[in-house]
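Across the two complexes that follow, subunit A remains constant while its partner is subunit B and subsequently subunit C.
And then the complex of A and B:
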C-alpha cells in the first residue's frame, strides 16, 4: 500500500499540508483522548486504577448521580443562574458596546482596556478582595453576589463582541432609518439591534456557557447557599468514587454542546475577530 | 415667470476639525428643479448634502425648505429623503418592509401602505419584488428600491448622494435615464451629488461646480460647458485644451471647436500631428504646437486626409481666456 507510506503521504499533501495534518492529528488526540476516557469512565460500574479499560460497564453511577437531590437541584440552579447572568450582562453591556462602537469620548481606549484588568490578576486574589467587600455589603451567599461574580467574568466579551457587531452595521443603514422618520431609539431597536444580533448572540452564548462552568467565584462567594453544578462537581470528585465525576462532567458538557450546535451558524472566526477588532 | 424657491442655502458654512469643509455656500433650488453638485472627491459636495439631510450640523448660515428653517431639525423631522451610494436598505427586512417602514411611522392605515408600496415599486419598475430580501437583489435593483423608498416619503426635496457610482456603466446610464423620467413625471425637487460630469450634464437643470469647499460656478449644463467661469471648471467639465500665452494667461478651447486644415495657413497656429485615434464616429487628433499638445475632434471624413507627422493649421472657432 503505497498510500500509507509517510513519504507518499508527504508528497500528496505537500509540505505545508503535511505539517497541518500532523498538527491537526495531534490536536485531535490531545483534545478527544481525555474526552473519550471521560465517556468510558462515566459508563463504568467498576473501575480500579491502574487499569485502562474499566472492569465493568453499566449505568450504576448515572443512577447514583441522578438520585442525589442536591446534584439534581444544582443543575437547575446552574441554568437559572446562567439565564439571569446572560440577561443582566445584556442589559448592562449592550448600551456600553453601542457607545464604544459609535461615539468618540475621552478615555475610550483606557475604558476598553479596563475590561482586561479583571483578567490580568489571579482570579482567586480578585475573588477574595471582592469577598471582603461582599461581606460588608451583605452579598455573601446571595444570588445577587454570585450574579455579580459571573457578570464580571463575562463583561469583557459581552462588551467587545457586540461592539464589533455594532461597528459592522453601516452608518447609512441607520441614517436611512432616521431619514425615513424614525427617531434614534426606534432606529436602534428596528435597525441597529437586529443587524447586530448575530454578534450579540455569540456573546450571549459565551456568557451563558461561562456562567455554567464558573466554579471558583461561586464557591467563594455563594457556597454553601448557592450550589451550582461545577461547585457540586468539586464535592463529588472529593467525596465519591472516581467514576461519579465523569458522569457529572458529561452532564455539564451536554448544554454546551447543544448550545454550540444550535448557534453554530453564528459562531465563527469572523464574528470573534470582528469583536476584538483584529480583522 | 419666476419659479418658487423650494430650497435655499444661505451663506452656509461647515468646517470639520481637520480644517476641511465648505464655506460661503449660497444656492437656491426652485420647485421641480434638478440641481447637481459636481466636483472632485473631497470638494465638499457630500458635506452640503449631509447638512441638507440633517446628518451634519452647520456652523453658520441657514437652510430653508419651503421658506422654513430646518437648520436645527434632526433628520427624521426634515421634509427631505436621502438615497445613499450604498447600504441604503435594511438587509433584515423584505423589500415590502423596507418601503413600509417610513409609512408605518407616519401611522398610515395598512391598506393604504400596501397600495403605496405597490405604486412605489411600479414607479421604479420593481413590481412583484415585495417579498424579496435586499440580499437577493442586484446592486441596481437595490438602488431602485432605495429610490422608491425615498419617494414614498413624499419629500419636499429628494437628496441623492452618488446613488449610481457603485453600479457598472451600463446599468448606471439606464438608471440615470429612469431617474430623469421619474423626476419629470413627479416634478420633484432633486439635489444630486456626483463626481461624474457626464452624469451631471445628462441629468441636471443646473449644475453647481465645487472645488475645495467653495462654489466655482452655478449654471445650466450649457452655460457651464460653453462658458466655464474659471480654469478649474474649464478643465473639470469635458475635454479642454489650454494654450499658455506669452503673458501667462491660458487660452482654453474645446477639442470640437478646433478646425484642422492640412498645410500652413496664414494667421493660424501651426503644428505637427502626433497621433490620430478613431474613437467611433469621430477621430481624436493630437497636434504638437511648440511644446504643447492640442487635442481636436474631427469627423472621420476629415481625418482620412490627415496622417501622423503632417503639418497642419488650427483654427479656433470658440475660445475662453483665463488669467494666470
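And then the complex of A and C:
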C-alpha cells in the first residue's frame, strides 16, 4: 500500500513524470470515466446506493430496450438517414468545395461567410423558423425535411474540409494530365478527386456521425413520424434515466467508436480543423 | 473562344448553385422571416415590444446575464486548458502525450445526450463519486446538478477536445526548426512561448474562442438535463417561449442571441480578412 502513496510515486517518477501521470489520470477520469460508468451501468440489473459496482449484472434492460419495437426500428431509421445525408451532402458540397478551391469569383467571400451565419444563428431559433416554413411546404414529419435539417448541420465542414483538400492538390499534376490529352472531366475524376479523397473521407465520416447523433432538429421537424435513435433516447432518458438510458447510450456510441477506429489513420486534428477555417 | 470565357465565368457559380439554393431556403429565408416576425406584436401591428420584453422583464434579463456569464467562463476555461493541452501534445513526446493525442478526439464525436447522461451518473448526489467517497467514510455531495457549475463542467467536456483539436492544428504549423533557432539564440521556454508561439497562434485562439462562444450560447441539451429552473440558459428560455406559443418573442430572442454571436464572429471575420491579405501579399 505504501508504494501506492502519492509521495512514493512522486519520488519514483521524478517531478516531470509525476505531473505527466497526474495530467493523464485527470484526463482519463474527466473524459472517460462518465463513458466507462455508462458502459458498466448498461449491464446492471440491480444498482442501488451505496454500491459502486452493480449488485447484479445482467441483460434485463437490454431485453427491455430490444423488445420495444419503436426503439429497434429507430436504429435502422438512424443509419438509413445518416447514409442518405452523407450522399446528399457529397453531391451538393463537393462541387462547391471545388469551386472555392480553384476559382476566384465575385461573392466568394460572402459565400464563405454565409456558412458562419448558419452557425451564429441559434440552432433552436433556426429550427423553429425552418419548421414554420416546412409546415407551409408540407415537409413536416417527412424524411426529406429531416434530411435537409441534418444536411444543414454538416454543410460547413463538408464544404470547407474538401475545399482544403482540393487546394492541396498541385495544379501541375492536373496540368500534366491535361497535357497528356485528358479532358477536364477526366482529369478531375482520375487525378484531382483521388488525391483529395482522404479529406473528403474525413468530411463524410464527420457528416455521417453528426447525422447519427442529431436530436434537436429531428425532434422539431420530424417528430413523431421520423424517430431516430437520439430522439428515442431523449424519451428514454426522461423516463428511465438510470436503467434503459445507459443501454441505449451504448448502442448509440458503438457505431461512433467503430467508425473512428477504422478511420483513425485519417482523422486527426489537422484534417478536421479545416472545417473551421483554422488550417 | 468568347463562349469558353463566358462559360469559365459562369462555371463556378454553377458549382455552388446547389449549396446556394439550400442556404437560401433553410438559412437566409428563415432568418429573414424570423427577423420580420420578431417585430410583429402579438396583439397586431409592428413594434419593438418583443425585444424590450427581454431587457425589461427581470427574469429574462437575468437569463441573458446568466447565459453570458456561463458562456464566458466556458470560453476562458476551455480555451485556456486546451491551449495548455495542445502545447503538451505538440511539444512533449512521451507515451502519455501520444496516448492522450489518440484519445482526446473521441468526445468530440460522442452524442451530446449520451455524454450528459454519463456525466450525470458520475456527479449526481448519489452518483459514482458519492458512492466512492462513502468507501472512505465520507459523504461527498458535489452539488453540481441543476446549477451553472454542472453546465460549465459539461461544456468543458464537450469543448476542450474541440478547442484542443483546433489549437493543436494551429501549433502543428509552427516549424520545429524555428523553435530550435530561438532556443539556440538563448531564449527560455517562457520567452519562446510569449514572443513566438503565442503571436503565431493569436488568430487561431480567436477563431477557437468564437466557435466555442457560438456553440455554447444557444446550447440546449446540457442545460435541459443539468440546468436549474431559475435562472435559465437562453437555449431553454427560447424553447419555452416557442412551446408556449410566443412565436414572435421566440423570434426576437433568436435575433438577440444571433447579435451576441455576431459580436464574437466579428473578431473571427476580422482575423480571417487579415489572413487573406497576407496570403495575397505572398502570392
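The rule we apply is simple: the second predicted complex is superposed on the first by the 240 of 279 C-alpha atoms of A that agree within 3 Å, B and C clash if a C-alpha of one lies under 4 Å from a C-alpha of the other, contacts with A are read in each partner's own complex, and residues count from 1 in each chain.
Keep this in mind: contacts are C-beta pairs under 8 Å (C-beta built on N, C-alpha and C of every residue); 3 or more make two chains touch, one makes a residue touch a chain.
What you are looking at is a predicted structure, and each value in this text was computed from that prediction instead of being measured.
K.L.:
Who contacts more of subunit A, subunit B or subunit C?
P.N.:
The partner making contact with more of subunit A's residues is C.
K.L.:
Identify the partner contact of A:195: answer first if only subunit B is touched, second if only subunit C is, both if each is, neither if none is.
P.N.:
So A:195 only meets subunit B here.
K.L.:
Is A:93 in contact with subunit B, with subunit C, with both, or with neither (first, second, both, neither)?
P.N.:
Second partner only, subunit C.
K.L.:
Touching A:178, do we find subunit B (first), subunit C (second), both, or neither?
P.N.:
A:178 contacts subunit B only, not subunit C.
K.L.:
Given the touch rule stated above, what does A:13 touch, subunit B (first), subunit C (second), both, or neither?
P.N.:
Neither: A:13 stays clear of subunit B and subunit C.
K.L.:
With the two complexes superposed on chain A, say which partner A:84 touches: subunit B (first), subunit C (second), both, or neither.
P.N.:
Neither partner.
K.L.:
In the overlay, answer first, second, both or neither for which of subunit B and subunit C A:245 touches.
P.N.:
second
K.L.:
Let me test your reading of the model: by the given contact rule, A:143 touches which partner, first (subunit B), second (subunit C), both or neither?
P.N.:
In the superposition, A:143 contacts neither subunit B nor subunit C.
K.L.:
Need the overlap of the two footprints on subunit A, from subunit B and from subunit C, as residue ranges.
P.N.:
Overlap of subunit B and subunit C footprints on subunit A: empty.
K.L.:
Where on subunit C does subunit A make contact in their complex?
P.N.:
Counting only subunit C, the residues touching subunit A are 9, 11-16, 18-20, 22-23, 25-31, 33-34, 37, 88, 92, 94, 96-97, 99-100, 102-115, 117-122, 126, 128, 131-132, 134-135, 157, 161, 164-166, 168-170, 172-173, 204, 207-208, 211, 214-215, 217-218, 220-221, 225, 234-235, 238-239, 242, 247, 250-251, 253-255, 257-258, 261-262, 265, 268-269, 272, 276.
K.L.:
Going by the contact rule set out above, which residues of subunit A touch subunit C in the complex?
P.N.:
Residue positions touching the partner: 20-21, 23-24, 27-28, 30-35, 37-38, 41, 49-52, 91-93, 95-96, 98-100, 102-103, 105, 109, 111, 113-126, 128-130, 132-133, 148-149, 151-152, 155, 159, 209, 212-213, 215-216, 230, 233-234, 237, 241-242, 245-246, 249, 252-253, 256-257, 260, 264, 267-270, 272-273, 276-279.
K.L.:
Help me check something: in the complex, which residues belonging to subunit B touch subunit A?
P.N.:
53-55, 74-76, 80-82, 84-92, 101-102, 105-106, 146, 149-150, 153
K.L.:
Where on subunit A does subunit B make contact in their complex?
P.N.:
Of all residues in subunit A, those touching subunit B are 170, 172-173, 175-183, 186, 190-191, 194-195.
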